[in-house]
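Note that chain A is present in both complexes that follow, paired respectively with chain B and with chain C.
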Partner chain A sequence: MFKQILYAHWKASHLVLLPLTLAAFALPMYSASHFSVTDFDVSSGFFPALAIVAGFAMAATAWQWDQQGKQIYAMSLPIHGWEYALLRMAAGSVALMVPVAALWLGSSASAIAASPPAGVVAYPHSLSLRFLNASVVAYAGWFALFSGRQRHQLIFAGGVLAFFVLSTLLASTFGIVDLSQKLLEFLLSSPGPFEVFTGSWRLLDV
Partner chain B sequence: MSNEIEFRDVNYRTSKTFSIKSLDLNVPKGSLYGFLGPNGSGKSTTIKLLTGMLRPKSGSIRVCGFDVPGDTPRMLQFTGYVPERPHVFPSFRIDEALAFHAAFYPSWDSDWADDMLDKFRLDPKQKIAALSKGETGKLLILMALSQRPQLLVLDEPTDGLDPVARRDVLTAMLDYVSETQATVFISSHLVHELERICDWVGVMDDGCLVAELPMQAFKNGIKRLRVGDAPNIEGETPFVLLNRKPHDGVVPGETWIVRGWQKDMRNYFDTVGATLKDVIDLDLEEGFVELLNSAREETDRV
Partner chain C sequence: MFSLKLSQFRIPGFLLLFATTASSQSLDELQHRLSAQQARLSIALEAKQIADSMRLENSPVSTFKVGPISVMSAESQIEVVRSLVEEVWQDFEAVVGQPLPTFQFGFFFEKSGQSGEAIYMPPEGWMRLRVDPTDRNSSMREIRNAIGGQLTLSLPSELREFISNVPLPIERSPNWRKLYSTIVMTPSIAARDCYQGGNEACWAAVGASAEGFDWRTLYSTTDLQGLVRTRYQTSMARGPGWYGGNFEELRAKYDDCLNSHERGGCISLIDRRGRPVDTPFGFDIRADLFHVALEQGGRGAYRRALDADESDIKTILAAVSELDADVLMEEWRTNIIDERSSRSRNPLKSTALSGFWLGVFGLIAIRRGRWS
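The block that comes next holds the complex of A and B.
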């Protein structure tokens, strides 16, 4: 059963998986070639961005066909809805390992090829593990969002947008606490769930 | 006779203007049950309720001996379902769709599926999105039958198919039923199609089941009577008077549409001082239309 779900996921996602994998392989090389001890490393932001995009792509393709058929096929299969969702989630997670593996290969190759100045070390394994962690967090979030109906997705997106706009407006007009800012701080700092996307993401570091 | 599908006082609201109301449905085991009704009468909603896709507001549903929606996955192991619109993944090829589907059914008969592919002249390498309506209809029935189900639930399976594809789909279904004695629940608004194959009929209108009876009784029991000196009816009649139309200026006498007619009921007209001038057989479609008209008039009166 899982094999078939995995095959279905591969069939739905292979066209987006290919460029993601190439990008994940190339990004550490780009990072290593643009390394500077003193300057801000632009590529540091590319890693979490790629993790978010990879999570988004895998989650979207996991549900794409079911959404097109209004979930009728999934509901007509002789398994519980939660089982089907778990199988889908697991299949997407396995597919996600392809760009993660590519990033690990790319960073390992870059680490071997690079000749960093004294005091600078390459971190291919920890960078790959961090990328894996960030991709899975992003995938889980997007997966939960895409598993809902389109109407619910729009309501959620609208609600989030309205919250940010309103709290920013209220804060700037009446000088009260900006709740959206507080929420972002909570989400992006330890032990917030999205903390993994922040901080320094460099293959070569001191 | 036990029932493969049983609805007891099922209520479900789909919108402010439409709901399934106190639905009691009995589909006998081994029957070919035709589920008739005009578009929007609640046929597809009833099918979604019986396949566990919708949760009733109240009432109970048992299918293949399992409670629905509580035991839906186990019930679906024994149920082949063909939905109103194609539901399989469009980017799959036929062989991929079959392999995917087979993985969920331990009872899947791959030899039989291969035979049916040949019989239906379907190319296993063809992409589902590229199939014609007829080919899609054949593929869906093939998938449902290859599960070797004890119950087949077909939601307008031949709607929009050409006559050849329609015949192929119905023949495959009938061959399977004659071989396995499976129960079939088939919804359609194509009355003549069901007339030929079904032995039970249920008629839905506006979310209510207005009739449920053996096809033979439905076909033979609905008549158009020409009645001279038609009386005001007081008390009970031996038949169900569905409709009564006054003299139309062409044919003498009133026209009565009745259900449950039998020959010996002619005597009734003598007892009330009326003359029965003619008894006309109605085909299933006419009977179906008269039944719906009478149900609607009854609703309007209430």
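The block that comes next holds the complex of A and C.
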């Protein structure tokens, strides 16, 4: 069963996977060649962005055909709904390994080719593991969002937007604690889910 | 209570002082003293306003001393204020030791019991501190900075300039990553040699070499090209319309520096810019080196820094730390390099956390799926 679902996911996502894989392979090279002596490195911001895009693409393609087919295929299978969702999620995770592997290859090659100054170290494996973690978390987050009905997705997105606008307005008008800032702090710092996107993403680093 | 303190700044006394000293002082000295007295007067008036505003809130004002610090506070919050200042001062006293110079500064806490401001009066000028007695941590941070700033201001001028007036911390808490990055990535011969273990190169990089500071000797040709590129990039991009008549000549020199590997051309371009080249290691490194010297020197170290009458920073820091200058430098450098190595990336925690959130999102996807 998993093999068929994986094949179906591959059919749905291979066209998106190709540019993602190429970008994942090339990005470490770009980062190494733009290694800067300053503390701010623009290229390292591309890694988490790529992880988010890759996660989004895999999650969106995981549910694409089911949405087009009005879930008939899913419901015709002799398995429970939760089993089907789990298989779908696992298939997307496996497909996600393609850009992750490309990034590992690209960063390993860049690390070998680079000649950093003394005291600066290349981190190809650490960077690849970080990219794997980030893309898997992004994928799981998007997958959970897309697993609901479209109406629920819209309600969720609208709710989040309204929460941020309201809490910012209330904080600026009445001088109370900005809850949206608190929420962002939680999400982006340990043990929040998106902490993995922050911190150093440099291939060459001290 | 406050009016007694203010009486020394009253105008008649002020003019008397002016008149009695006029015969024996030059005009410049008198002007200098006059402006100093004016500054003190304005500080006192400002403080009086704060004290008056506290009185308007029907809250009597009290003054008390904590170590060398005079504190003025509304009586309604005197216990909070006292405990805040005492706690901070105890920490400082343990570090700087005794005897200390007399510090004449006070804290004026506004709006009793509420988030407000304190006026901090160093010997010259005044500053406002955000103080919220209900937020103990931020209040202590502000008071710590004010006292640390005052302790720095009391240091000899050479030392103050060396650390760019960074407030004295209670304990050294450096940004290891930043310090290590600076040592490793500063584009200078001195910085690279320092990282490789050259103590004299480290002293040169902080501008305290025995030979004096000459930036021309601290940068390779490639480093000089980097300096030129940084300093002229904007002018070159904006072109002759912005720069003026001799742009073409400048452009030729700029290209020559970047392409021909001629040191002289690059140095003359840097000189022409007028802006002096700073030491390769900036104030954060220099301040950290001073803090290590204090740490090594123990309780009497700050007193020795106050008493330093040498103009040579290297000798002053050696005296403060009671170590040989090169031993001090070695201690500082190995400390930073070792600390940084022990804090290098460890993705295992992040991986475990990602696994957890993968599980959470997976559960949400299964539970909230269309078929649940």
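Please note the rule applied: the second predicted complex is superposed on the first by the 205 of 206 C-alpha atoms of A that agree within 3 Å, B and C clash if a C-alpha of one lies under 4 Å from a C-alpha of the other, contacts with A are read in each partner's own complex, and residues count from 1 in each chain.
Quick note on the criterion: a residue touches a chain if its C-beta (ideal position, glycine included) is under 8 Å from a C-beta of that chain, and two chains touch if they have at least 3 such contacts.
Model, not experiment: these values are computed from the prediction.
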{"item": "In the superposition, chain B vs chain C on chain A residues touched", "value": "C"}
{"item": "First (chain B), second (chain C), both or neither touched by A:H80", "value": "both"}
{"item": "Touched partner set for A:L96, first chain B, second chain C, both or neither", "value": "neither"}
{"item": "Partner chain(s) touched by A:A111 [first = chain B, second = chain C, both, neither]", "value": "neither"}
{"item": "Which superposed partner A:A60 touches (first chain B, second chain C, both, neither)", "value": "neither"}
{"item": "Touching partner for A:R149 - first (chain B), second (chain C), both, neither", "value": "second"}
{"item": "Chain B and chain C contact sites that coincide on chain A, given as residue numbers", "value": "75, 80"}
{"item": "Contact set on chain B toward chain A in their complex", "value": "51-53, 73-77, 81, 83, 85-92, 96, 99-100, 103-105"}
{"item": "Touch list for chain A against partner chain C, complex", "value": "37, 39, 71, 74-75, 80-82, 84-86, 89, 117-121, 123, 126, 129-130, 133-134, 136-137, 140-141, 143-144, 147-149, 152, 190-191, 193, 195-196, 200, 205-206"}
{"item": "Complex interface listing, chain C residues touching chain A", "value": "177-178, 180-181, 183-187, 192, 195-196, 337, 340, 344-345, 347, 349-351, 353-354, 356-358, 360-362, 364-372"}
{"item": "Contacting residues of chain A [partner chain B, same complex]", "value": "1, 3-4, 7-8, 11-12, 65, 68-69, 72-73, 75-80, 83"}
